[in-house]
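Consider the two complexes below, in which chain A is the common component and chain B and chain C are the respective partners.
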Partner chain A sequence: MSYYFCIVNTRDQPTFELEFGTSKQGGDGIARFSPEARELNPFLMHASLDYVDDLQWYTNQMYLKRIDHISHTHISAYLTPTSTRFLLLHLPHPPNTAPVPPPQSSTSYSPYGPYTNAFPGTTFNPSSSLSASASSTATTTSSSNTRILSSSSSAGGGSGGIPNNPTSPQTEEAIRLFFTEVNEVWLKSVMSPFGGPLEKVGSPVFRARVVAAGRKYL
Partner chain B sequence: MTPLSTATDRPDSLLSTTNPDLSKPQRVGFEKPEYLAPATHLGPQSPHASATSSPRSSSRHSQSNQEQQRHLSSRSSSPASAGSYDDGPRQTILASFAPRVACFASEDTDDIAKEKGYSGGFHSLLRPFAEHVPGKVVIRDSVGASKAWEDFGIRLIQYQAEYRAVASSVGPLQSHQTDTEADQPEQRPSSDSPSVGNTRGSSIEAIIIQWIHAAQDNKQTPGFQGLVDGPDSQRPSTPATAYLQYLRKLLSETVQEPYETFSHPVACIVAVSSRSPAPLEKIRQMYSYSGRANNAIPPWVAVDYLRYYVLVHDEDHDDIVKSTALFDLMKRHFGLHCFLLRIRSLPCVGTDSEVTESPRCHWKTADEELSEMEEFKRGSSTSASQYIFESDAVAIRSFFREMVTQSIIPFMESRVVTWNDQVASKRRGIGGRFMSLSKRWTGFGSAKGAGTATATGQNPSNSNFDPSRGYYSPEAPEAIMRQLADYSFMLRDYKLAFSTYDSLRTDFSNDKAWAYHASANELAGVSFLLTPQVLSTRARSEVVDQKIEAALYSYLTRCSLPFGAIRSILLTVELLSERGPGAAEDAARWAMKSLELGILSPILQVLMTERIADIRNTERGTGLLRLGSRRRQAAFWNTLATVLWERLGEPVPASSRLQMARTVMDGLGSQAINMPFPTMRLLYSKLSSTESDLDGGDEPLIELDPTPPPGQMNGTLVDLTERPQRQDVSEILEDADASGFSAIEANHPDFAKAPLG
Partner chain C sequence: MTSAQGLKSLPQANMAASSHQPSAVQRAPQQLRTPSNRKTIYDRNLNRTRTAELSRASFAYLFGEMVSYAQKRVTGIQDLERKYHIPDAHNEWSRVWAYCIANHFLRLNEQGYPLGLRLLPLLLYREPPRTSVRPNRILPLLQFIHGPFWRHLFGRTADAIEHSSTANNEYMISDNEPLVNQYISVPKEMNQLNCAAYVAGMIEGVCDGCGLKAAVSAHNGGTEMWPGKTVFLIRFDEGVIEREGLLDAKK
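The block that comes next holds the complex of A and B.
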């Protein structure tokens, strides 16, 4: 899994951004987003705020769970009492394997190119569904198919880590713990007289604590 | 027109075509395009045409009352009738499910048309006129309520060509839906049906790309009269219309399938001319050939359709007295479904007096359109437009009016009533339930077609479905029910259609007739959406979602018919998107789902992305809090569409999408300052710089306002574009990783003045 964590203030500006990878199942904690995905991730985050704004009136929980997904990129949200939003974008891919770089997908975009692939015979074509996904996330994840996805999750779930399945309850719980911990740290940070909920959180200590929380839970 | 103003205009124009107002009666919505239809592409002859309302042939028949005359003459002067390119998606969908009428003309009739300059024969002469029947067409539904439709039309298919083509495609159709394959997907012969999807899809794509390029050329040279046929004003200038074109082309496909009878002929025009030496014998001959005697008609097509006999009288060469006598004889022999069509056989040029431009075919299939374009490029066809004598046009229009209102509609209505009484009500009642139960559990019940199936021993479940051949015989009750549903759908009696499709679904799934099952599910969902009633959230999730979901599953995993899946998604999206904010949310969800299924070709992916952006843009939210607003989503999808167009190498649609994305971002207003995330600005500047490169660099695609309003980001944007343009995002982010801030964030005016914690 690759993660992109973001704290968004009430004016929709990010006050803190961090990319990291999973540390479970031997992950090295480095995010593996493709360049296109890195460009579009902020848009995706920003767009999902629409759902946060809707959902906040329908639940009394601070943790809003998974609120949005576009193909395999999922977004979970957490709402603080001051309406500051924590957003976590997570993109599953097999641990310790870098995604196949998307040039291969960009060739399939060429307008006069392989139209034979236009209506593929196989009903669930992972690569084309990914190129369809506008999020242009990394291409490889074998989890495009729910069946494959569930099988991989059952394989990974045995080892006790977070399964590579963003919709599973274990992942949900892990993200909840992560959010709760970050919330604690963040509260202390915004109580600083030199900052406030609208300002950037620039403290290196805070950053280190968030990274540690990520390593611990995700 | 500056690019900025086109971008701001577009959402509104899109909104006005998709009328979400449900409180109005439906018909009002359909008339709307008539009022809105621009008069720009009327020929110069149009006032002249409306003045000369002297149809020769129609005065002879009893139907030619004053009312009809008025309609005919007014219609002849307005080619921008319903069914034109300017329609919204709902009109397109309604008009697309029109009865198909086969045209079976004798050689001498074809010769007359060829002399007139229609190389495709009699069929190509009549075809454009068939697409819209002038005046109101009154249809009675199953409960006896009459409703008048302005935009009713039929589609003319060529009898000979159609059945030669279909005969060759029988093979693959048989193979892909036996029930063993449903259980063992590895045995599925996947090479056949996807190739059908491929050819259909790719020729539509080719058309769309041609269109986009034509629109592009159009933009650069305003007076360009293009290579695509169709008047200039009908050319799409925006990608949003490219999407509508795609929808129209997709719905224009007329490939015959056993599992839906929309493309099966409702009637057959048998045409002979006055030149024929023995017209009556010729008609008899053609009649027998139009039935089972013709081996090319596939066995799943019911052949008891209406025959309509037309005597084509050549005004320039033949004697009308003789023809009238012959016509009387015809009526005596063949009954009431006859017509004497008087047309001139001389070719017509645009400079003659009393001529009018022949209307255009709006429902050509993509392949036809492509081959026409090829011909035009080779220079074999001299002009894009064809002219026809005013008198001929009036005669043909009145012919279609009489045929549709006097013969075809009453025929279909009586069919619906008969089938509803004899077949459908039996199955719906308690006895029918018992029969189907007993048939299923004890195997002792029998239906009409079961005898043949058990005789061959291939059908242990005692159903009428023949798994080895993959279709129901047209006499089986299921096939008749399906035809009943399709007829009532074409007659726009969506309630009856829905209940029939709904009862058919279980039958088909019991018989494991998966293609039938998918299609019945799809049309049940679609006809439910077309029923003029308030659509509750519950109905949406319980009826529409469930049925479309089942249709998709059957189409994709059981039969591998991606074409059907794409069609059902497009129909659902379009019909949902105009039914209020909640339904629009569902529409966007379906559209996103279609992207995830991986069945869309690259260009359709982009068009779909644009469609999502447009739907999101319409969701403005309600109340003070703007609950349900999806403006930020709209910004995202617009940006995404820009990126995808860029990847396809189409700068012009990309730039117009970028404009829209900018507009939406600017419109976020009080909720946010523009482009709050720093990397957003980076992507935008990158996009706009590549676009201006591709465009020749003469005009900046994002208007960099020299005097930015206070508190906006434009100043920063200028800074960014002045930097080395291809600065990598990763650089910025690594920068941010190191210090918590990127250099750009520090330039952010809102942050720059604030102390950093």
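The block that comes next holds the complex of A and C.
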């Protein structure tokens, strides 16, 4: 799974950005976004802000869970009391890069199975077998959702949920812990009288802390 | 009504994305200066204990200086407390924030505003997980101000919360003996002034921070028993009241 984490202030400007990969199941912590996905990620994030703005009045929780998904790209959100948004985009096994090695126990696991095309309409990897069924699941969101669930349950199940399965409760909980930790570090940064909740967070210590949180939980 | 309205700035989002080169960030640690004990703000604990309270004398001295700082630079009482009007403020604390910075935190209210904005997430962080929720409705917000907020600042809860009987959007929080006014003697000719405008600014920061835009002012409401009683009048935006109604109707 590759992650793109972003802190968005109330003026919808990003104040902090980070790309990282999973560290669970032998992941090396390096994001594997294709160049196209890397360019698209900020747009997807931006599009999901509307959901956050709607949701914030219906729930008083800070963690809003998974709020949006576009094909296989999922976005989770956390809302601080002052409406600063933490957004985490997670993409399991981007299509045209080498995926994280699957668990050994799985025999039916196919790395290119449901993940052939993250963004319908743009073809990343023409050589990958984009079957008719795969493209249809990519366009209809509900069926693609079940497809992901079924594929990852066959892939390993159990504790192997986080890297492969963006909709599982384990992933949700891991992301919640990640956000909670980031919230603490973010709070320390905005308490500084020299910065503020609107300014860019440029501190390398802050970045290191977020990276560490990502390595610990995701 | 939501903060996203008309404020989306995609070009900026893109610009920041491209200008954020990882190489520049990785080079930074060598230039980072840390205090002699090697502890950055990120190494400090956010949970301070009760013993970390401030001395009242030093607070009184600093607050007196703040009042005179404001007094030297403004023209009248109204101005001293604060009367800013930002026509396109929407629901956005960030605009008031920017305004306060542009004004060098000149007025008492403006001095309190950023403090309230920062106290809100901090106090919620310190709450136990069960009650650590965003106060996104009027009543939980008022309870938060009355309870944890007041307790953190003054060591006790506020004395009363009232809902105005005439205006639907007006709420009042009263304090019988505001700590901030304890060592401030207001001259006779300025009897309209209430230096608790500083606290009113903090309350306003909390309200705005939650997205419930409000204007807060401090008024003298002295009674025989409590001559120093101060009433904080919280006037919520029409939009907030409208949203409350909609949310109630949906339930």
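Points to keep in mind about this one:
The working rule: the second predicted complex is superposed on the first by the 152 of 218 C-alpha atoms of A that agree within 3 Å, B and C clash if a C-alpha of one lies under 4 Å from a C-alpha of the other, contacts with A are read in each partner's own complex, and residues count from 1 in each chain.
Simple rule for what comes next: a contact is a pair of C-beta atoms (placed from the backbone, for glycine too) under 8 Å apart; a residue touches a chain by one contact, two chains touch by 3 or more.
As the structure is a computational prediction, the values presented were derived from the model and not from experiment.
Touched residues of chain A, counted separately for chain B and chain C, are more numerous for B.
By the touch criterion defined above, A:Thr80 reaches chain C but does not reach chain B. Of the two partner chains, both chain B and chain C are touched by A:Arg207.
In the overlay built on the shared chain, the residue A:Leu40 is in contact with chain B alone; chain C does not reach it. Within the superposed three-chain model, A:Gln61 lies in touch with chain C and out of touch with chain B [touch as defined at top]. In the superposition on chain A, A:Ile30 makes contact with neither chain B nor chain C.
In the superposed pair of complexes, A:Ile70 makes contact with chain B only, with no contact to chain C. In the superposition on chain A, A:Val185 contacts chain C only, with no contact to chain B.
Chain A residues in contact with chain B (one complex) as well as with chain C (other complex) are 11-14, 17, 42-43, 45-46, 49-50, 53-54, 57, 189-190, 192, 196, 198, 200, 202-204, 207. Here chain C touches chain A in the complex through residues 2-4, 7-10, 12-14, 16-17, 20, 25-26, 28-29, 32, 40-42, 44, 46, 92-94, 97-98, 114, 117-118, 120-122, 124-125, 132-137, 140, 209-211, 243, 247, going by the rule given at the top. Those residues of chain A that touch chain C in the shared complex are 9-14, 17, 42-43, 45-46, 49-50, 53-54, 56-58, 60-62, 79-83, 183-185, 187-192, 196-198, 200, 202-207, 209. Residues 8, 11-14, 16-19, 35-36, 38-47, 49-50, 53-54, 57, 70-71, 106, 108-112, 115-136, 144, 189-190, 192, 194-196, 198-204, 207 of chain A are the ones touching chain B in the complex.
Contact residues of chain B toward chain A in the complex are 190-191, 193-194, 197-198, 200-202, 205, 209, 556-557, 560, 562-563, 566, 592, 595-605, 609, 625, 627-633, 635-637, 639-641, 643-644, 647-650, 668, 671-673, 676-680, 682-683, 686, 728-730, 733, 736-737, 739-741, 745, 750-751, 754-757.
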